[in-house]
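Next up: some structures, all given as C-alpha cells.
Look at the two complexes coming up: subunit A is in both, with subunit B in one and subunit C in the other.
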Partner chain A sequence: MSVFTLGIDIGSTASKCVMLADGHEIVSKSLVAVGAGTSGPQRAIAQVLENAGKTKEDMAFILATGYGRNSMLELADQQMSELSCHAKGASFLFPDVHTVVDIGGQDVKILQIENGVMTNFVMNDKCAAGTGRFLDVMARVLEVKVEELGALGAQSTKKVEISSTCTVFAESEVISQLAQDTDKRDIINGIHHSVASRVAGLAHRVGVRDQVVMTGGVAQNTGVVKALEEELGHIIYTSPLTQYNGALGAALFAYQKYQKEQKG
Partner chain B sequence: MAKEVSPGVKALRKVVEDVYADARKAHAEGKLVGWSSSKFPCELAEAFDLNVMYPENQAAGIAANRDGEIMCKAAEDLGFDNDICGYARISLAYAAGKRASRKFDPETLEFIIDPSTGKPLKDENGNVVIDPETGKPKKDPKTMQPYTVLDDIYEIEALPETTEKEIAYKNFRREAIKPYRQMRMPQPDFVLCCNNICNCMTKWYENIARMRNIPLIMIDIPYNNTVDVHDTNVAYGRAQFDAAIHQLEQITGKKFDEKKFEHACENANRTAKAWLRVCDYLQYKPAPYSGFDLFNHMADVVTARGKVEAAEAFELLEQDLAEAVKNGTSTTPFPEKFRVMFEGIPCWPKLPNLFKPLKANGVNVTAVVYAPAFGFVYNNMDEMARAYYKAPNSVCIEQGVDWREGICRDNKVDGVLVHYNRSCKPWSGYMAEMQRRFTKDLGVPCAGFDGDQADPRNFNEAQYMTRVQGLVEAMEANMANKEAEGK
Partner chain C sequence: MSTEVMLNEFKEISQHPYRVLSQYKQEGKKVIGVLPYYAPVELVVAAGMVPMGIWGSNSKTISMAKEYCATFYCTIAQLALEMLLDGTLDQLDGIITPTICDTLRPMSQNIRVAMSEKLPCIFLAHPQNRKPSFGLQFTMDQYNHVKAELEKISGSAITDEALREAIKVMNRNRAARREFVKLAGEHPETISAVTRSAVLRAAWFMEPVAYAQKLEALNAQLSALPVQPWKGRKVVTSGIICDNPKLLQIFDDNKIAIAADDVAHESRAIRVDAAETGDPMMALAQQFADQDYDVLLYDEHSNQNRRADYVVDLVKKSGAQGLVLFMQQFCDPEEMEYPYLKKALDDAGIPHIKLGIDQQMRDFGQASTAIQAFADVL
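Entry: the complex of A and B
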C-alpha cells in the first residue's frame, strides 16, 4: 500500500497543493489563484484531496510552506520555509540543479543548491519591483492578460527601457510610453528586461552556477525567462510544474519526515 | 520571576546610570555638558573633567523605549529627510527640543491612559483574569501607560507662570516628559564630533551646533583605503587632536591637564582590554552569554571607556563569565543549537521580534563586529590617533572582512545574519560583497534582512521570520553536507 504525503504552499497570490505517493509519484495537485488570508488554502486542500479521492486522514504527513505557512499549523504536521521547499522541488525535477531562481507573487529568491539541498540564498528586500505582482500591475495597465505577456513580448521589434526601481514609478513610465503610442509589444519586452535586470542583480550576489532552474508562476512567462537568460548568460530550465514547485518540495520533505518518524 | 542579574552586569548598568546622573547634575549646577559622537577621543574631554553625553546611545535607548518613530517623525517635520540615519533624526529632533511625553488632561492634570497598553492582570495563582463583560483578559492597571505625544521643551519654557494654575500646568507638562534617562538628557553646551564612525556625523553635528548656536569641535578621519594607516594620516589626526585640545581650553577656560589625560588613557586602555576579554568569552561552545548582551554593554564602552568605573565593571563581568563557564551556565534562555554572527546594529524598537525566531530555532548570536571596533589599545598620542582611524565604517573592505572572518572563525559560527540597516548606508552598502566573501572563505550560509536601527517603520517581521528560517534550514543542510563529507 502506498504512503501519501501532502505539500501545501500558501503564497501571497496563490495556494497550491501537491500530493505524492511514496515520495516520488504525483497523484494529485491543485491551484487556487488566491493566497494567504483568503479561502484559497482551504479550497486548494479540498480540491487536491477530492481529485485523488482521499481524506486528510489518509495523509501520512502534511507539510506547509509559503508566506501563509504558519496559518496551516492546525492541519499540517510541520512547516518549513518556502526557500528549502523550492530547492527540494527543483532538485527533484532537475537533479543537476545548482541555482534556483524563484519569482513569486511578492518576492524573488535565488537559491544555491549543493547535493540537492539549499546551502545559501538571497531574497529581494522590501520592494516588489521584479516580482509577479509587478507583472500583474503592468498587465493591468496594458489591458492584457498576464499569461499573454510572454507571447506578446516575443513580437517586439524595438527596445524600450522601463526602469526597475519601483513598481509604482514603472507603472507611470508605462503609461507615458502608451501616451506616446509606443507599441505595447515593445513595452512588454521592456518590462521583461526590467524584471530580468533586477533579478540578475540579486542572483549575482549569491552566485550563478549551471544548471539554473526557474520556478514560481513567473517562470511560465517565456519573455522573462529569455530576458533572464540574456542577463545571466546561462540556459534556464523550467518545468510545466513550475507553479507547484514549492508544494512539490513540501510534499517531498513530508515524505522524508514520515520516513524519519518511522525509523523512530 | 525576574531574571537574575550578575554583579558585573549590575555594575555596568550603574556606570551608565551615573554618567547620565552626573551630566544632569552638572547641567542643573550650570556646568558645561557636551554631546559627543561615539568614537570621538573621549580621553580629551576627560582631561578637562567634562561631562559628555552620547547621542548615538541615547537614540538607541529612545528607540528601544519605542519612541523612535515619534522622534523620527518630529525630525522629518523639521525638514530632515527620512532617508537620513534614524539615530541622527532622533538626535536632531531632541536637540531641537522635541520630547516624547505623556498625554494629560490640562484641567485635571491627570494622565490619559491608552487602553491598548498594559499586560494581562494575573490572580494570586498566576492565572490571567478574564473580564466577564468582554470575555477578554483584564489589563493590569499598574502596567498601563498614558498615550505618547510629542512635546517641546522650548515651548514649555516659554509658557507664562503668573498664576498658580499656570505654574502647576507648566510644571506638570515638564514632568510629563517620559521619565527614562535618555529622554531626560541635558541639552548640549558644545559638541564633539569625530566622523570615523560614520560620515553622516559631520552634517548631524554641524546641524546641532547651528541649531543650538554652540561650539563644534570636529575631528575629520578620512576613509581608509588601505589596511594600514599611513603616517601622514596619523599626523593629520594628531594635529586635529592638538587643535581640539586648544578649542577645549577656550571653551572651558582651563589648561589641558596632561596627568588627567594620561589617567583617562590608562582607563580607556584598561576598559578596552577588559572589553576584548569579555568579547572572547563568546568563543566558548556553548557560549556563556549572547552577542545581544554585548549590544547592551555597548553603552558602557562608548559613554565611559575613559573612566575607571567602566574598566572595573568589565573586569567584574569577566569574573562572572569565568564562573559561568566553570559552572556550565549561560544567560541565553535556550539550548544553543546554532551559532551565528549578527552583522550590524540591532533593530532596537523590534528587539523582541528579532529575538523570537532565533530563540525558537536555538540560534545564539556568538559574534558581533563591535568587539574589535571598540577594543583599541594604544600607548601614546600618535598611536591613539592611529587607533581612532579604525572604526566599522572608516575601514576598507579587506580590513572589514578580516575583522569579521577572524571573529567568525574564533567564535565558531555556522552562519551569518546580516541586517541591511536602512539607517546606515555606509555599513549596509558593502555587505552584499562581504556576504559573498563570508560564504566563499568560511563556507557558511548568510541571510540578509531589511530593517532599521531606530525607525520601526522599516522592519517587516514576516519577511524577517522567513529569512531566519531559511538561514536555519541552510545551516542544517550545510552541517549535514559537512558531516557526510567527513569534515
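Entry: the complex of A and C
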C-alpha cells in the first residue's frame, strides 16, 4: 500500500499543494490564485484531496512551506522555509541543478545547490522590484493580463529601457512611455529586461553555475526567462510544474520526515 | 534572587525605558541623553548625573522628524529626533550628540535647531585621526567642551578624582557586559537571543553601578551552570543594532543561539576600557584612540581588511557556524563596508546572510524565511 505525503506552499499570491505517493509519484496537485491570509490555502487543500479521493487522515505526513506556512500549524506536521523546499523540488525535477532562481509574488531568491542540498542563498531586500508583484503592477498599467506578458513581449521590435528599479518609479516610467505612444509590446520587453537585470545582479552575488533552473510563477513568463538567459549567459530550465515546485519540495521533505519517524 | 527573576527585571527595564527615566526624575536625579556612538559617558557619571542611551525605538513611528530629514535617512537617528519632538524625552536634562557618521553630523544640527530652547544639546565631534598626539589632543578638547557643558547642567565642577572614579565604574560595567556576552554564548539554553538582547539593552538605561552589580550577580549564577550541549546552531551577529524582540524571537524559534556579536549597540561599545590611573581626560581620549575594527572608525591599515579579519576571527573563536548581518537601511558606512566583510567570510568558508532591517519594521515574514533557511544551510 502506498504512503501519501502532502506538501502545501502558501505563497503571498497563490496557494499550491502537491500530493506524492511513496515520495516520488505525483498523484494530485492544486493551485488557487490567492495566498496567505485568504481562503486560498483551505481551498487548495480541499482540492488536492478531492482530486485524489483522499482525506487528511490518509496523509502520512503533511509539511507546510511558503510565506503563510505558520498559519498551517494546526494541520501540518511541520513547517519549513520555502527556500529549502524550492531547492528540494528543483533537485527532484532537475538532478543536475546548481542554481535555482525563484521569483515569487513578493520576493526573489537565488539558491546555490550542491548534490541536491542548498548550500547558499540570497534574497531580495524589502522591495517589490524584480518580483511577481512588479509584473502584476505593470500588467495593470498596460491593461493586459499578466499571463499575456510573455507572448506580447516576444513581439517587440524596438528596445525600450525601463531604468527605474523602484516599482513605483518604474510605473511612472511606463505611464510616461504610454503617453508617448510607445508600443506596449516594446514596453513589456523593456519590463522583462528590467526584471532580469535586477535578478541577475542578485544572482551574481552567490554565483551562477549550470544547470540553472527557474521556479515560481514568473518562470511561466517566457519573456522574463529569455531576458534572464541573456543577462546571465546561461540556459535556463523550467518545468510545467514550476508553480508547484515549492509544494513538491515540501511533499518530498514530508516523505523523508515520515521515513525518519518510521525508523524511530 | 533566581536567574529567572533577574532576567525578568532586565527585560522590564529594557521594555520600559520611559518608566526608568520617570523614576530617576522622581528621585531628583538629572539625566543626560546620549546618542550613538562612543560618547564619554564617564563624564556624565562623574558629574553625578545618569547617562541614558538613545538608540531609536522599536515602537514609535516617524512623523514629526520627517520635517527635518531627507527621505532615505537612518531610522535610528530619525526616531531619536521623533522622541525629542513628541515629548517622550522631555524629562531629559540635556543630550550629547556625537557626530561620527554622515547621518549623525547633520542630525546633531537638526536636534540643536529643534530642541535647543528646550534642553541643552551638547555637540561632540570625534577626530578622524584619533591615534596621533594631535588626534588625542582634539579628542581631549572635545571632551573638555562636553565636560564644561555638563558642569553647567549639574551646577558643579567635575573633578579629576570624580572622573577617575567614573572610569572605574564604567570599566566595571563594561567588564560585566563582556563576561555576560561570553556566558550567554555558552548557555543558550538559559539565555535566549531575546533575553540576551534585553540584558544588554538595559545597560543603556540603568545607572552604571546598579547595572554592573545586577549583571555581576547574574553572571555568577550563569558561571555556576554546567555547560550543556547545544542542539541548535550558533551564529555571530553584526551590524549597528538588533534589539527588536520580534526579530530575535525568530532566532529562538529556529534554535539559533548568538555566540558572540559585532554589533555597535552591544559589543562594539564595550571592547575597550580606559586607564584608571594618570590624567583621566587623557585616559578617555586614549580609550577612544584604542577603539578599532569598527565600520565608522578610520583605519590607516584599511587595505589589510583588518576589520573583516577581526570579525572572521570572532566567528571562529566563538564556535559559531555562521554570521547574520543586520544591515540597517540607508546606512552607507555599513553598506560600503559589506563587500570587504563578505569577501573575508567567503574566503574563510563562513556562511552568512544579510538582513535588511530598520526600526519601523513591524512584519518580519521575509526575515523569518531567510533565518529559517540559513539554519537549514548551517
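The criterion applied here is as follows: the second predicted complex is superposed on the first by the 263 of 264 C-alpha atoms of A that agree within 3 Å, B and C clash if a C-alpha of one lies under 4 Å from a C-alpha of the other, contacts with A are read in each partner's own complex, and residues count from 1 in each chain.
Operating definition for what follows: a residue touches a chain if its C-beta (ideal position, glycine included) is under 8 Å from a C-beta of that chain, and two chains touch if they have at least 3 such contacts.
Here the structure is a predicted model, which is why all the values come from computation and not from measurement.
After superposition onto subunit A, the modelled positions of subunit B and subunit C overlap sterically. In the superposed model, A:Gly37 lies in contact with neither subunit B nor subunit C. Looking at the shared chain after the overlay, A:Tyr67 reaches both subunit B and subunit C.
Here subunit B and subunit C are compared by how many residues of subunit A each touches, and B touches more. Once the two complexes are laid over each other on the shared chain, residue contacts for A:Leu83 go to subunit B and to subunit C alike. In the superposition on chain A, A:Met118 makes contact with both subunit B and subunit C. Residue overlap on subunit A between the subunit B contacts of one complex and the subunit C contacts of the other covers 67, 80-84, 107, 118-121, 123, 125-126. Those residues of subunit A whose C-beta lies close enough to touch subunit B in the complex are 67, 80-84, 107, 114-115, 117-123, 125-126, 205-207. Only residues 67, 70, 80-84, 106-107, 118-121, 123, 125-126 of subunit A touch subunit C when the two sit together in their complex.
Subunit C makes touch with subunit A in their complex at residues 351, 353, 356, 361, 365-366, 368-370, 372-373, 376-377. Residues of subunit B that touch subunit A in their complex: 420, 432, 435-436, 439, 445-448, 450, 458, 460, 462-463, 466-467, 469-470, 473-474, 477-478, 480-481, 484.
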